[in-house]
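Shared between the two complexes below is chain A, which has chain B as its partner in the first and chain C in the second.
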Partner chain A sequence: MVDAVLFEFLHTEMVAELWAHDSDPDPGPGGQKTSLLVLEGMGFRVGQALGERLPREMLAFREELDVLKFLCKDLWGAVFQKQMDSLRTNHQGTYVLQDSSFPLLVRMGSGLQYLEEAPKFLAFTCGLLRGTLSTLGIKSLVTASVAALPACKFQVVIQRP
Partner chain B sequence: MTVHNLYLFDRNGVCLHYSEWHRKKQAGISKEEEFKLMYGMLFSIRSFVSKMSPLDMKDGFLAFQTSRYKLHYYETPTGIKVVMNTDLGVGPIRDVLHHIYSALYVELVVKNPLCPLGQTVQSELFRSRLDTYIRSLPFFSARAG
Partner chain C sequence: MVDAVLFEFLHTEMVAELWAHDSDPDPGPGGQKTSLLVLEGMGFRVGQALGERLPREMLAFREELDVLKFLCKDLWGAVFQKQMDSLRTNHQGTYVLQDSSFPLLVRMGSGLQYLEEAPKFLAFTCGLLRGTLSTLGIKSLVTASVAALPACKFQVVIQRP
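== the complex of A and B ==
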C-alpha cells in the first residue's frame, strides 16, 4: 500500500498550479470555471482507468445501487483509505454520497474557515466518480457541495437517454 | 505546574505561531521585537553550546531555567523550532514538543494546501487543536501554580 500522502501532495499541487496559471487572463468566475473543468476532466480520466482496474472479481452489478455501493466502499477505500459515510437515494436516479471527514479537506479546517476555497479541492474527485461510473456503463453528472469542513456531499444524477 | 506560552519559528526566523496561556508579565516591547529577540537568542545559544561543549554534542541545546520559569527548546532537521516556557516543576518534554511538530504542524499546516509555508499560520484548526493538546497535557493546570 502506498502512502496516501503522495496523492494528497500531488493533488494540492495540481490545484495550486491550475490556479496560478489562470489568475492573470481571467480573474472572474469564468476563469475559475475553466480550472474546475480541467480538474474534473483529469479526475474523469483517472476514474475511467480505475473503473477498469479496480473490480477484482466478476462482480455482477445487478443494479445501479450496487455500482454506487461499489463506489462508496471499494473506490473510496482504494483512493482515500476509508469508506463513504452514507449513501442516500430517491430511487429515481439521484444519489447523495456523504463523507463526514473527507481526507482532502480534513487538514484544512473544521468549520467555516476556507469554505470558499473548498470546491477547488472537490473538482478532481467529482470527475473521479463520473469516470468510474462511465466505465461501468453509467452516464452521470456529479456535483459536490460543502456546508462545513471537513464534511462534504457528492450528488450523482444518472443521465438516462 | 503549568505552561506559560509557546513559540513556533521557521528556518528563516519567521514566527509561525505564538500562543500564551498564563503570562503575568509582558516583555515591554512589541510582539515583532519580542519574536526577533527570542529567535536571535536561540540562534546565539545554539552556536555557543556547540562551540563550548567539552564533549561531542548529542542533542544540543535542550532547555534553560531561571528561578521562576523554564524554557524548553526543540529543533527539527528542517529548521522548525518549537519553544515552550513552563514553570519549574516540568521535566524534559522533548516528546511533547516533537508531537507538536509532527502531529500538529506537519499534519495541519504543511499538509494544508491553503497554508503557505514561511508565513504566520492562519489556520483556525491548527490553533484550536494546539490549544486542546496543550490543555490536555498532564503538567498543564488551569490555575497558574
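== the complex of A and C ==
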C-alpha cells in the first residue's frame, strides 16, 4: 500500500522539481517542452528496466495484441495496483488504452482549468509504456489525452520497420 | 517485487537528471551542492507524506527511541523491503542507524573510486528520514556516511526546542 503512494509521491516531486526550473527567470527557449521530454525520457528508461523484471511466462508473445494486454494487466498492476479499463485497436497497429481513473491525475482538481496542467502528469507514463514496449521488441509512439479528469487515454502507434 | 525496483529505478533517474544539469557548461555556483539540497528536499517532502500513511498503531509513541525503531522497521520495510541492521544511541539525542547493504548503493561498484559518488545516492534518504520524523513531531538533522560500500550509516541528531 505504501509502495503505491511512494511512487506517486516521488512522481509528484519529480514533476514539481522539473517545473520549478521552468519558472526560473530565464528558463531558456522551450522550457516546458523540454521538461515534458525529460519526463518522457525518464519514463522510457524506467519502462525499459521494468520490462526486464516483469513476470513473462509467455516470453515469446505470439501476437502484438498479447503484448498490449500484458501492459494493461501486468505493467499497470505493478505500477498502479490496478488494471487498465479498456483496450481498443484498429487492427492496423494503433491501440487506445483507457484508464477511467488514472492514479496520477486523481489528486488533481477536476475543473476545466486544470486540463492544461494534465500533460505534465502524463509524460512519464507515456515514456513508461514506450520503454516497456521497447524492451519487448516493439518500437512505438505513445501519446496521451484527457477529456474529463481523472480519465485519460494513451494512444500507442506501433512503428513498423 | 516490481514495486521495489520501481522506486530504485525512479531514484536512479532522478539522480541522473539532477546531475545532468550539473554538467551543463555553466551550472552556476555550487551546482553539485544545489542538487544534493534538491534531492534532500524531495526526500523530506516524500517522507512527510509517507509519515502520514504508515501504520501507526502506537500513534502516541511513548519515547523518542520508539519513533526511531519505527523508522528502522516500518519505514525501511515500506521503502526498501528490509529492516535497518542496527540502531545505536548515546541517549542524548543522537542516533546512528546502520544499513550493512543499503539498496541504493548496492548497484554501485565497490571500489574506493566510487566513494565520492555516494553522497548523491544518500541525500534523498536523509531527507526521507528527516521528513518522516518531522511528521511524527520530531525536528532533526540527518547526515549519512559511507566507509565501505554498500554499507552506510545515517546519523540522526534530534533538535531540541
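Definition applied: the second predicted complex is superposed on the first by the 147 of 161 C-alpha atoms of A that agree within 3 Å, B and C clash if a C-alpha of one lies under 4 Å from a C-alpha of the other, contacts with A are read in each partner's own complex, and residues count from 1 in each chain.
Criterion: a contact is a pair of C-beta atoms (placed from the backbone, for glycine too) under 8 Å apart; a residue touches a chain by one contact, two chains touch by 3 or more.
Please read all numbers here as calculations on a predicted model, not as lab measurements.
Participant: Based on the superposed arrangement, let me know which partner A:15 touches: chain B (first), chain C (second), both, or neither?
Facilitator: Only chain B; A:15 stays clear of chain C.
Participant: Could you figure out whether chain B or chain C reaches more residues of chain A?
Facilitator: Of chain B and chain C, more residues of chain A lie in contact with C.
Participant: Just chain B (first), just chain C (second), both, or neither: which does A:139 touch?
Facilitator: Neither partner.
Participant: Considering only the touch criterion stated at the top, classify A:5 as touching first (chain B), second (chain C), both, or neither.
Facilitator: In the superposition, A:5 contacts both chain B and chain C.
Participant: Check whether A:33 is in contact with chain B, with chain C, with both or with neither, and answer first, second, both or neither.
Facilitator: In the superposed model, A:33 contacts neither chain B nor chain C.
Participant: Under the stated touch criterion, which partner chain does A:88 make contact with: chain B (first), chain C (second), both, or neither?
Facilitator: neither
Participant: Would you mind listing the overlap between the chain B footprint and the chain C footprint on chain A?
Facilitator: 5, 9
Participant: In their complex, what parts of chain C are in touch with chain A?
Facilitator: Residues of chain C touching chain A: 1-7, 9-11, 13-14, 17-18, 21, 38, 42, 45-46, 49-50, 53-54, 78-79.
Participant: Show me the residue ranges of chain A that touch chain B in the complex, using the header's touch definition.
Facilitator: Listed in rising order, the residues are 5, 8-9, 12, 15-16, 107-111, 113-114, 117, 121.
Participant: So in the complex, the part of chain B that touches chain A is made up of which residues?
Facilitator: Chain B reaches chain A through residues 107-108, 111-114, 123-125, 128.
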